[in-house]
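The structure under discussion is supplied below as structure tokens; questions concerning it will follow.
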Amino acid sequence: MSDHKIGVYVCHCGSNINGVVNCAKVTEEIGKLGEVVVAKDYKYMCSDPGQEMIKNDIREKGLDRVVVAACSPRMHEPTFRRALEGAGLNGYLLEMANIREHVSWVTKDKEEATKKALSLVKGAVKRVKLHEPIEEREVPVTNTTLVLGGGISGIQAALQVAEAGHKVYLIEQKQYIGGNMAKFDKTFPTLDCAACILTPKMVDVGQSPNIELYTSSEVIKVDGYVGNFTVTVREKPRYINHDKCTGCGDCASACIMKNRIPHEFDEGLSKRSAAYIPFPQAVPLKAVIDDENCLLLTRKKCTLACVKACGAKAINFNQHETIHEFKVGSIILATGFDLFDAKRSPQYGYGKYPNVINGLQFERMTNASGPTSGHITLADGTEPKSVAVIHCVGSRDENYNKYCSRVCCMSSVKFAHLVKDHCDAEVYEFYIDMRTFGKGYEEFYNRVQEEGVHFIRGKGAEVAQKDGRLVVKAEDTLLGQYREIPVDMVILNTALEPRVDAEKVAQTLGISRSGDGFFMESHIKLDPVTTTTDGIYLAGCCQSPKDIPDSVAQGSAAAAQSLAIIATGKVKISPISASIDSEQCAGCQICIGLCTYRAIKLNEETLRAEINEAVCKGCGTCAAGCPSGAIKVSHFNDDQLLAQIEGVLA
Amino acid sequence: MFEDFTSEIMSYPGGEKITACMQCGTCTGSCPTSHAMQYTPRKLISLIRANQKDTVLKSLDIWKCASCYSCTTRCPRGIKFTDIMYILKNLAWKEQTKKENKDITGFYSAFQGLIEKRGRMNETELIMKYSFQTNPAKLLEFAPLGMKMIIKGRAAFIAPKVRNQDQLQKIMKLAQERGGE
Amino acid sequence: MIAYQYYPGCSLHASARDYDESVKGVLGCLEIKLEEVPDWNCCGATITPSLNQLQAQILPARNLALAAENKGDLIVPCNACYMSLKKVQHNMVKYKEIREGVIDIFSQTGLSLTGMPKVRHLLEMIMEDIGLAKVKEMVTKTLKDIKIVSYSGCQLVRPLGFDDPEDPQALDQLMEALGAKVLPFSQKSHCCGSSLITTQPELAFKMVDSILEEARKVGAEMVVVTCPMCQLNLDAYQGQINNKFNRTGELPIIYFTQLMGLAMGMSKSQLGIQRGIVSSNKALEKIG
Amino acid sequence: MAPKLQLAIYWAAACGGCDVAILDTDEKILDIAEAADIVLWPIAMDFKYEDIYKMEPGSIDVCLFNGAIRTSEQEEIAKALRARSKFMIAFGACAAWGGIPGLANLTNREEIFNTVYQETATTINEEDIRPDTNYPGPEGELHLPRIYDRVWSLDQVVNVDYYVPGCPPTPETIWTAILAIVTGNLPPKGTTIAGIKSLCDTCEREKTEKKITQFKRPFEIIADPKKCLLEQGLICCGPVTRDGCGHRCTNNNMPCRGCYGPSEKVSDQGAKLLNAIASIMDVKDEKSAQELAATWEDPAGTVYRFSLAKSLIYDYKKGGE
């Protein structure tokens, strides 16, 4: 075996590592190993002087392998690879031992921590000897972008990419774009009307020559990799010919199911027909026929009143779903959120008492074009004289979601203002902490306090019905007393949750979700827009609950990421990939179904499996599954891993 | 032995999460007897956190818990407040602060006395014992109800007991000694 | 014939004899064999845990030790006993000091806790093992839309119970299967005050009153219960409470097993129905 | 003519099938006898241990050693034979990877003794007598071999030159091995004398992309003789097993049991197969995976039927005791 010259560098990470692990001792011990020609520890290995130290040693001592014991490779592997390359060594001749996340952050006992760190570094030394130089690959980029989700952040992202002159495919699951924001009346803190600021953007989307809009559509398959994705989209039939439909609504008036189906856009507060216009400002402003309720489509029996009523002859019951395939360079995910179903907390009486409603229902109620034409009304049609707003329903609660939903404090304050404004009722806000952190937010809170709203510090614990009125039970914690406050209406400000299909979307796109169920960003602070899959970016509430300004900002940020790839024209892709030794392959085909990226195919002539390395992501699933040991993943082969284990156990 | 009252509470099963309290008052709002409390459940947590052991253990409020577990199931921070109430009553018992609330705690000692002796409970005997230990006049209050129960055949006069009383008494004694460590 | 072990608890031998009678009657009809745990003792209810935590584990644990390992699940009709027994099992798993304490004490007295049976409430067993379909089959005399509210109480559903702690469903479903009309009731799992009724009646009376008052307001003819403590508080104290709060209208408080028995054709006296302090006669007139 | 080959055949922890397999070479046994002097074959001829100790180092040309090592006696004889043999051949699955006796490694000596000397329904052993290595008999102290806590493959105890796989090796395999030795056409040391790739390579059943929806045991179904057995839910060890047996099992519509051991690039036969099967289970989530897995009878005994002693966690050289 040829002798290597290995340099080992142990990082203190300030006191992050050195506070627990005795870095000097690890360095001293590791320096005693054969083939380790230099072992050093340093306060911040990732800093310029730290990197220089490594580079100098490579040049002066002729190192051919480097081990850095520091943080997670997710954090600084690229940094140190660049350092190696700067000194003329292939970046893949590096191995990192994670002695921060895996040791110092999770171990209290200093001696045990030092021992564990030493074991991990030994494993890395043993392994790095078997590393081979690998060259990164560069591939050209398709200059189109796919935006998934047509809410405010998706619209923002799509418009920005389109304005830069590049093609965008905007895919929306619903029949219209605008998302949840389209349902709002006023927006905090300035009380702009949501429609006034959103509608122009929606119209721009409809008119932009660079945006191809697909509503009633969903992504069913994503193949490929950064710069070269192939996305398959299924478009559901609306049974309306878009070219002919004028959006007049005659079909809706004629439909015999008129006023019989709870209207989703009004959160069930109004009824619609089976043929209907989603809402007056909808983009596209076209009718849609709901195949779950249309009598013709469900029971094959109907008077076809809609067809008769349609002057434009736009109704077509022979439409089928269409499958589209797009080649795109990057994907922006802006799929938004779902509202927590308040029925999961039966103590609040949602679904049981008609005057207990959720925030979106209140939004619809106050919206001038909503079901009550902007009037706040009780189930019996009268105006409430007192209203309670309960914060944190389903948020900040171990029983449901531990996180704070971030927007509810401000929207609750807005609700209070709107109640005051519309019917001057007494308003009681039950809150745990008031979180009004944005620009102009605290000022708005202050203004609403001055309007005479009662802010009660205590979480609403229960809503009961007593003598025909609702009663909110809570502790007024500032008073230190249990209180029962009778009101006419209760608004439950419910949590923003990951969408019900988040897992499916994550799987289709091959991205991760964080513990709270939202899509996971690369780095919560420094890289909140990119995902761990290159070329897929996040915008808006699908990453975490956020308000309109933040959603818009993130939409723009995601657009910038996408444009950056287009501007460079090419991307580097990871050289780590699997390969099949056709001499060993027995053609059993176990691997083929395992590959998430569809990179493996059977060669019909040789009856051996073959990997398309351009598509392969190097995940290793096939190598683990291959029973005959014919598949190897470069940089992660059996010999390397076994050597590492041997080193750790030594 | 303990740095403060909070760490003492945390050392008992069920008391672990007390420091996670965010003082939202869900416990109080859910409690069917908090309306009658000077120190509501949330406040009791505050008092524990403020190391006011004496105030807490002498309080009548800890004897107002009906063990309905509403606070426990609703607590957004997973604090088992019903268990904490039990811990507080245990400590009040041990440290003799129970004497502050003799009228009520008398019932507990009557009940416990019967169990330790015989292993099974007899409501008739319990009421009599409780009344004699606290205020014999109470018997008069219970009498009309007692009569009805007798008529309906729902009062037992022969004191029930377990057969292996030695064993029962021994395990109860061992538990008592061990708990006293 | 499925066999179960039975832990009646103290009340069922005294103030809740009617419950015991109806349990045995109904399970007999269903051909279910109950074997009483030999020499069982009181579970300690909410009293012993208030005084000494380890004793509070020891009492239920002795019953679990006396129950046989392989003679079927341990069926408990009382909510408080159910919770006490279940909780000690939970604590034994979760807390090392409790586990060691109990094992150490038992080892000195020849008791052993190997192979504890599964603890289940009677209602849980009926819903899961027998099932509504079988119950419906057994109904020979439907309850003819007699209007009831079902009151599960606390410790059947909290903190380790088998049904939704805020809005329990099992009792509603069972009653509907018998042909009763179940009215919406928000107090299903609110507390009856348990032993506070003796020590601090002013607190418990208020709790019982709000339960009874809502039951009357929604138009119930009876309140169906699953626990002897709830029954006692709602039934025996009802007169005093109605006087105190100036309420009119007596509401019979009936065990779910008594209604099951009636629907299955048993007689009132077999089921101990005459033992209720508030008479059920009027409410049950409809079904003769 | 070259001097006759000095051949020793020894039997350790094994069923005896390997010895029978040698006889199974039919008329070729005569050719073997022609080419070789059998200097030791306890199953067929009378030998004493002293006969072995009397032999000079190198006096045996080839030792065909079958059976695994699980007693002190077997270890001692293996070492004695190794010292006297030019070529030590691990003959059959037991010698090569522990074989079926190797499954004893799933438990330990204590447990096995409990079962054998106490717990079986037909055992009455009131005094709880267990085998002892020293027994003070009337004729003086008697010594019995000690049973080890685990089973070892031959190469974990002594150096092995070649492996002849199979349970037992097929006559063709045996003949190929003997021919190679007699003619001096020897492959590099450490070679397994059989195929290189996995059995699937030469299996003619029709293979497609795999998904297992249900595990089946051979007696439960009559398998489609044309289609891959694994795809039909039978656990066929073909994908991880060395080719060379002539498809005896699969040709008779039975799944491969893995007796030819891991193919060339596979280091841990059982783990590889387990991985492969887990990968093709047709499940959506953790729960359905557990449900499906629960229907698989004895996974450890299936995937490691012959190679547990050589699985990664057990594969280390036996030290001195």
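For this structure, a couple of remarks:
Chains here go by letter, A, B, C and D, matching the order in which they are written, and residues are numbered from 1 within each.
In this text, a contact is a pair of C-beta atoms (placed from the backbone, for glycine too) under 8 Å apart; a residue touches a chain by one contact, two chains touch by 3 or more.
Treat the numbers as computed from the prediction; the structure is a model and nothing was measured.
Looking at B-C alongside A-C, one finds more C-beta pairs in contact between the chains of B-C. Here the spacing of chain B and chain D, counted between their Cα centres, is 67 Å. Chain centres here are Cα means. That of chain B falls 21 Å from that of chain C. With centres taken as mean Cα positions, chain C sits 47 Å from chain A. Centroid to centroid, with C-alpha atoms defining each point, chain C and chain D lie 62 Å apart. Residues of chain D found to touch two or more other chains are absent.
Each of the following residues of chain C touches two or more other chains: 166. Each of residues 73 in chain B touches at least two other chains. Annotation, chain-chain contacts: A-B, A-C, A-D, B-C (touch as defined at the top).
Residue ranges of chain A in contact with chain D, taken from their complex: 581, 583-584, 586-590, 592-594, 621, 624-630, 638, 642. On the chain C side of its complex with chain B, the touching residues are 10-11, 13-18, 39-42, 44-59, 62, 91, 94-95, 97-98, 101, 104-106, 108-111, 154-155, 158-159, 165-166, 190-191, 193-196, 198-200, 202-204, 207, 236-237, 240, 274-277.
On the side of chain D, the complex with chain A involves touching residues 197-201, 203, 207-211, 228, 230, 238-240, 263-267, 272-273, 275-276, 279-280. For chain A in complex with chain C, the residues that touch the partner chain are 345-347, 349, 352, 464-465. Remark: chain C residues 164, 166-167, 184, 186 touch chain A in the complex.
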